[in-house]
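Sharing a structure with you now.
Note that the chains take the letters A, B, C, D, E and F in the order they are written out, and that residue 1 is the start of every chain.
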């Protein structure tokens, strides 16, 4: 097949803020990976732009196949990751221009600390197909649901709370 | 340094059931990996024996660096894993002699379905140092804790429920 | 293609002893790898159950693509491996519940030390397609045969002994 | 050794334009890799901010150990890479918000097309230690110099032109 | 598909000198890699025979996916490679029977020092598909050409010299 | 530490035939790998020159960590390898200038077919530390010896033949 320069190009408009108003968690992740940019195939890298509304959260999640290196484009974020057992939290407040790294397959999150303005970040990921597992969604919003016996034991709460959580709408904020 | 046959040997007593009575979740995981068996260094494989009390649960967790191949030694288990977005659950009931595989870095769990007898499994892991992240423990039991603002947004519950969850004792059932 | 939970499941009956009476070497290896369990594809792990009759031998062999981590399920075994030049033997007697590791591509073997009862082991292998090369079979039972000039020189014996060995039946005890 | 959140953080000030006036080629590359950010060790990713003055050039170079995924932060760039034999050029004009990928170890370059304003880009690299070989510098500015016989033959010019080129100052614009 | 011994065999005639008279640079590289020897697929190795006429040069080039280990078959060579920044040259004169290694993706070259007789080398490469990027060819002979603005800045010469270089014939001496 | 050109150079004298008269098997292997050429560390490649006396044999052996690509320098060889189960032999007669490949960790051998003159080959190996396991030596000449019960069963011969074989001198022809 003929290859041409367009195969290595993506008009990703990564300079443009995305809407966060329609997100329950107040954030919006725009992925530029092999799924929408086939030219990245075998090349071992991808990108994501993350927009945060006021107090918006990119909820705890995992990339099973990638380390993430985040650069703050705008605003101030509280972010962190939790290590494999024992479960230590490494967290920090970071501001525009700062860089923070989340090692491969660790649970991590970010939150915009401002009450009145948006924030944004640009992340690099060490795989063309990093995957994403949002923890609350995967645990309480899977299809079909995980048995509430398992989750009641795991979270040490009553089954009716698990059932209520499983009946909620679990939005996917990664596109 | 001199190397001898003992370096490749571990008297793991993997035939011996472990106690599950002192576990809040009713399970007990015995790891045989590079941390307690240095001879596995660089060799890319390790083991775990999992004991389950009646209705005991090996709660949802992730091995960031390994696929797990589980063989049922005794009893009947309900087990499964959730894929990367979209969050599909692949679950099944398995019995003595059956084999089930949990792909690398996917959230997975097992539960003993019997009310009155123990169960056990032997798992092979595709790394000498697979790591383990128990989801509920990492999210609610990290040290220091994750901000309850982040978790309230992620789990769509009130902050006082998060605070209560963070005040619980989060047992590590992996040794 | 649709994927379902059965793709990650194998009713391997690994709790069931296999017959060893019809084996000239008194052993029987049951493989659970990508050839009969396609769901293991790309996952980097597989299993084998090994049954030994009284004094049965799993003869010297190599897995070209995997380290093997063996757990004794039943009985007492004499086992070992030989290193790359210089050819040191690392051997040991192991019993039920013990674990021993054979590094990738090293010649290794096991033998049931009991005259009157069977033994069994469960092995984990660090590849979904480990391969197996039984040394005596590969050297004397290949199709077509290796020139007896080569083997007479290698084993320092007369060609008529090589010819006699090449005329024997070389059973494959790996399934 | 104790690890703390600062190990995963770098106050890189990647939002700040760098000076390009003192560069002969009109560009300035700020690297954030394992050399100045040790926390990236083993994590397989790094960053670079590239500033371009008016008509500034990031001259043809190679990263021997990384693919580069470039996002335009400001301005309009002409950029491209040349493939392994046969030597096809894949080039394009890209603007703010666009993404372009340079596959591992291919010769690539960028140039700011504006006569009167700066441009900037943020690049992700698929190694914590990507390395950089600026072609003209490596060929004409190595220490000690490559024999002018070799270079005269390679570039099909007279040796006195090679000697003149080797006597120039070859600035390194990567920090 | 049936596999047979011919799949692992190549009648490469690597003992036969190749013609160098028709080469402007006085050298001729014969590659034995996966492109003309499919049996090397996945095996991670390939070969090249290099013939040099009197004062012939294998011009500065890069193998993006392989280390090269060169053995001198005949004659005396001046050879070397330039490291990633800073650009140090590691060069040496080597003679028949000597071995020299060029690390992966470093710019390297060889030249026959004799005025009156040929030289030859046999190289091993650590990939079945190493690729080759001849520096002068890729920079001045790409199709389409790189903008002369970029190259004039990179090489610190006038655009008319670049234009003249781009109008030359850039021979590919790798087959 | 300072690095210099000598670190990448080895005066291996690979053009010089080695003595094969003092070898019981009539062959002599000269290795150029990381053990005697530290500059190859991490580079993933090494070499061996193999000399064969009349009817000399490089006996069946395995490189646990490398594919071998052999080029015939002089003479005519019968060579081959045996695949993983089933044990097919891929063999062929090759002459000066021919190339043959032995895939990683397969049992392989070569023999000089001439009664009256030497042969020689140059092999490339896809690891800086390929290792070598000569089959007869590892099986019958290990230190300490493998139990003769195991070997009598494996080779289907009487224990006294095994004992006699184990009492022989097993020369290592790899240097």
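Note that contacts are C-beta pairs under 8 Å (C-beta built on N, C-alpha and C of every residue); 3 or more make two chains touch, one makes a residue touch a chain.
Because the structure is predicted, anything quoted here is derived from the model rather than measured.
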{"item": "Labels of chains that are neighbours to subunit B and to subunit F", "value": "C"}
{"item": "Joint neighbours of subunit D and subunit B, given as chain labels", "value": "A"}
{"item": "Listed chain pair A-B, D-E or A-D that repeats interface E-F [over half of contact pairs the same by residue number]", "value": "A-D"}
{"item": "Label of the chain whose CA centroid is most distant from the centroid of subunit D", "value": "C"}
{"item": "Centroid comparison with subunit F (C-alpha atoms), farthest chain", "value": "A"}
{"item": "Which of B-C and D-E has more C-beta contact pairs", "value": "D-E"}
{"item": "Centre-of-Cα separation between subunit C and subunit A, whole angstrom", "value": "45"}
{"item": "Computed distance of Cα centres, subunit D from subunit C, in Å", "value": "52"}
{"item": "Averaged-CA centre spacing for the pair subunit F and subunit C, given as whole angstrom", "value": "24"}
{"item": "Touching two or more other chains - residues of subunit B", "value": "80, 91, 104"}
{"item": "Contact graph of the chains (line, ring, star, complete, other)", "value": "ring"}
{"item": "Cyclic chain order when read starting with subunit D and heading to subunit E", "value": "D, E, F, C, B, A"}
{"item": "Complex contacts: residues of subunit E adjacent to subunit D", "value": "24-26, 55, 57, 59-60, 62, 64-65, 78, 80, 82-89, 91, 104-107, 109, 111, 131-147, 149-151, 153-157, 165, 168, 170, 172, 174"}
{"item": "Complex contacts: residues of subunit B adjacent to subunit C", "value": "3-16, 32, 37, 39-40, 43-47, 67-69, 71-73, 80-81, 90-92, 94, 96-104, 122, 124-126"}
